[in-house]
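Chain IDs A, B, C and D follow the sequence of writing; residue 1 opens each chain.
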Amino acid sequence: MNEAGDIEREDSLTRVEAFSDGVLAIIITIMVLELKTPIQESLSALWALWPIFIAYVLSYAYVAIYWVNHHRLLGHARVVTSGLLWSNMLLLFTLSLIPFSTAYLGEHHFGREATLLYLVTMIAPALAYILLQSRVAATGAKTVASRRYHKASHRKGLAAAAIYALGIPLTLLSPWLGVACAALVAGFWMLPWSAMDRLFLDRIPPAGS
Amino acid sequence: MNEAGDIEREDSLTRVEAFSDGVLAIIITIMVLELKTPIQESLSALWALWPIFIAYVLSYAYVAIYWVNHHRLLGHARVVTSGLLWSNMLLLFTLSLIPFSTAYLGEHHFGREATLLYLVTMIAPALAYILLQSRVAATGAKTVASRRYHKASHRKGLAAAAIYALGIPLTLLSPWLGVACAALVAGFWMLPWSAMDRLFLDRIPPAGS
Amino acid sequence: MNEAGDIEREDSLTRVEAFSDGVLAIIITIMVLELKTPIQESLSALWALWPIFIAYVLSYAYVAIYWVNHHRLLGHARVVTSGLLWSNMLLLFTLSLIPFSTAYLGEHHFGREATLLYLVTMIAPALAYILLQSRVAATGAKTVASRRYHKASHRKGLAAAAIYALGIPLTLLSPWLGVACAALVAGFWMLPWSAMDRLFLDRIPPAGS
Amino acid sequence: MNEAGDIEREDSLTRVEAFSDGVLAIIITIMVLELKTPIQESLSALWALWPIFIAYVLSYAYVAIYWVNHHRLLGHARVVTSGLLWSNMLLLFTLSLIPFSTAYLGEHHFGREATLLYLVTMIAPALAYILLQSRVAATGAKTVASRRYHKASHRKGLAAAAIYALGIPLTLLSPWLGVACAALVAGFWMLPWSAMDRLFLDRIPPAGS
């Protein structure tokens, strides 16, 4: 540990990842508890659960995307600083509200207020992630590849936050437009990395050149 | 990280496993929450819980088998690709529906519709697992042993999916035939590995020959 | 992986431990969900929760003891065999029933039937643990210290199971005698290791002699 | 393992951390389950959840602080002793009561009895942490930096416990003074490490001098 209390990377980062994995695994799994078994045994009773199921699928994809990105981002951290620890805690906090807003969205059948709340709980982690990115970048990008990664990833983060923010006025027109914004962001994050690079990083020459 | 965004095996795979372990541990444990304590204190009130208990035992075995297979399968991955990450997420998603269908099966005493839903939630992870297998195999089998493993394991996966699919028409005759199909698959997956090899891999010469 | 499908110790054992840790952490934590907040805000409403609290304390200690023992036991495994994996899964299954019997014990104020059920859910993991011990020992004790460990630990396991079994007829006299048996076992497992050795291993000369 | 049953540091400590991470991740996440979705879809129904939300924020910060401190503390352990294991289990037990007292605090709108209970569940982990610190220090501080860390950290622990204890009589005047005490401790723990050092360790010369 140096004067500023930063801890060398080694097992310290492993433990930050392990804790984050634990929290994300629980968040992703408690959402399924909202799928309450119908008292009646009939296909129509099961069918009536569709809005809760769709909300679960959307939020599962959303949290899974965060896990994949988080996994890549932390691989670029050189040391574990206080700033990194606390912005990671903030990200996990914002993500922990997803099961609540997902349940609300499903139970109220994608109504206007429920969709607005859902978009707010999508913007919050997007902003916390941008903060975490800057804290990871501040630990000192090791290589050209790291610098390229931070640049592309920062732009994607801003684009995602902007689309969610755009979803808010669109929800006032129709909640389905708001849900479409959330699904759009999920869609573009799931594209393979190399396709993303072409979209967000077209002017930076590749690492080897 | 190479151009395609694939991450070297090292701690990356460890973290995929850790996250999967977390999700599987939670799935396996939240199923027990369905065993709600009876309000009355009597042996007959406890006895009335038997269908929920049997459904729990079956699903516990089912998820435990997935954990064991997943554990073996990922040991053969050479790198962590996007395809591997997302097909793993898909597998975990399909498994996360098991607590729901298990609760439904137990509460409706292995009725017809509940058994059908249960078989559907067994087929979904079986298909996702076949996809994950192909993504792991695509990372490049390292050794002859790996190639044999993928071959045997792929055949077993198809056999399991086929037996579940067969369970669906059988459930229309009697739900117990459907449950028997699920139990049959669990049974053959729990056999020791060497016995499985003889069943599914009889024509491929062993690694040393 | 050898012909019999056994996996070398390295990360394989780490993952068995990680999964077991996940399941044990969840078991220990979901028990606290039974402590439901009283609707009224008053000290007497809080006080009425005492049987649920005491049941929680007892079960927490019980699961914590299993974690500590499990942690020590797996340190002696040389390879991860199918037998080890499945007996570990069986142990986790039996432990997963503890939150149910704990809730029942607390809600029915340590009544006769609830105490009997509780003791049964204590005997089941004790037997599964003895099975797991034999599977770990079968992987081949590495050192004299391992052999001594297995011997002492096997005797303790049998003693614990015997005390729980004794608790069953005693519960018919008074449930508190049954609870006392459970507490007694918890007490002797928490003694420091060296004191335990003197109790259970008095005739085997120490490793260095 | 030596005569006293202590286990060498290596993977043993890793597993203690992994288990603690699992328990802390679950504690932090089950608190969010108290945020139950309102039956009505309206902003006023959401707004009525504010006390539960504030209680969640406070407790999230509290558990996150414990995680960060725990993470640093265990980095100074030289071996895993029985004393370390059991005082760690005691700390996790006391922390596991936080979701209960948080729910009570939120549901009863920061009332007097609820605030008292909340402060009690804050003092308990503070005391358990002091015990764990002494057990970690007893494994033998490796370096001058370790000795400085233990000293500063011990003083901070005592200061925190004292402020919580002071909160109890203040709550009798007004519950908000009690909540302020809890928030004050959270605030000073979140300060960067170097600022803390100046506060709690001013007279010990830095490691290099």
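Here is the rule we use: contacts are C-beta pairs under 8 Å (C-beta built on N, C-alpha and C of every residue); 3 or more make two chains touch, one makes a residue touch a chain.
In this text, all values refer to a predicted model and were calculated from it rather than measured experimentally.
Q: Hey, which chain ends up farthest from chain C, C-alpha centres compared?
A: A
Q: Compute the rotation angle for the C-alpha superposition of chain C onto chain D, expressed as a multiple of 5 degrees.
A: 90
Q: Examine where the copies chain A and chain B touch and state whether the two sides share over half of their residue numbers (same) or under half (different).
A: At the contact between chain A and chain B, which are copies of one sequence, the residues are largely different (under half shared).
Q: Taking each chain's centre as the mean position of its Cα atoms, how many Å separate chain A from chain D?
A: Going by mean C-alpha positions, chain A sits 27 Å from chain D.
Q: On a C-alpha centroid basis, what's the spacing between chain B and chain D, in Å?
A: Distance between chain centres, rounded to whole Å: 38 Å.
Q: Could you list the positions in chain D whose residues touch two or more of the other chains?
A: Each of 18, 22, 25-26, 30 in chain D touches at least two other chains.
Q: Report the residues of chain C in contact with chain B in the complex, numbered from low to high.
A: 1, 3-5, 7, 11-12, 15-16, 18-19, 22-23, 25-27, 30, 82, 85-86, 89, 92-93, 96-97, 99-100, 103-104, 107-108, 111, 113-114, 117
Q: Which residues, counting only chain D, touch chain A once they are in their complex?
A: Listed in rising order, the residues are 14, 17-18, 21-22, 24-26, 28-30, 32-33, 35, 37-38, 41-43, 46, 57, 60, 64, 67-68, 71-72, 75, 145, 149, 190, 192-194, 197, 206.
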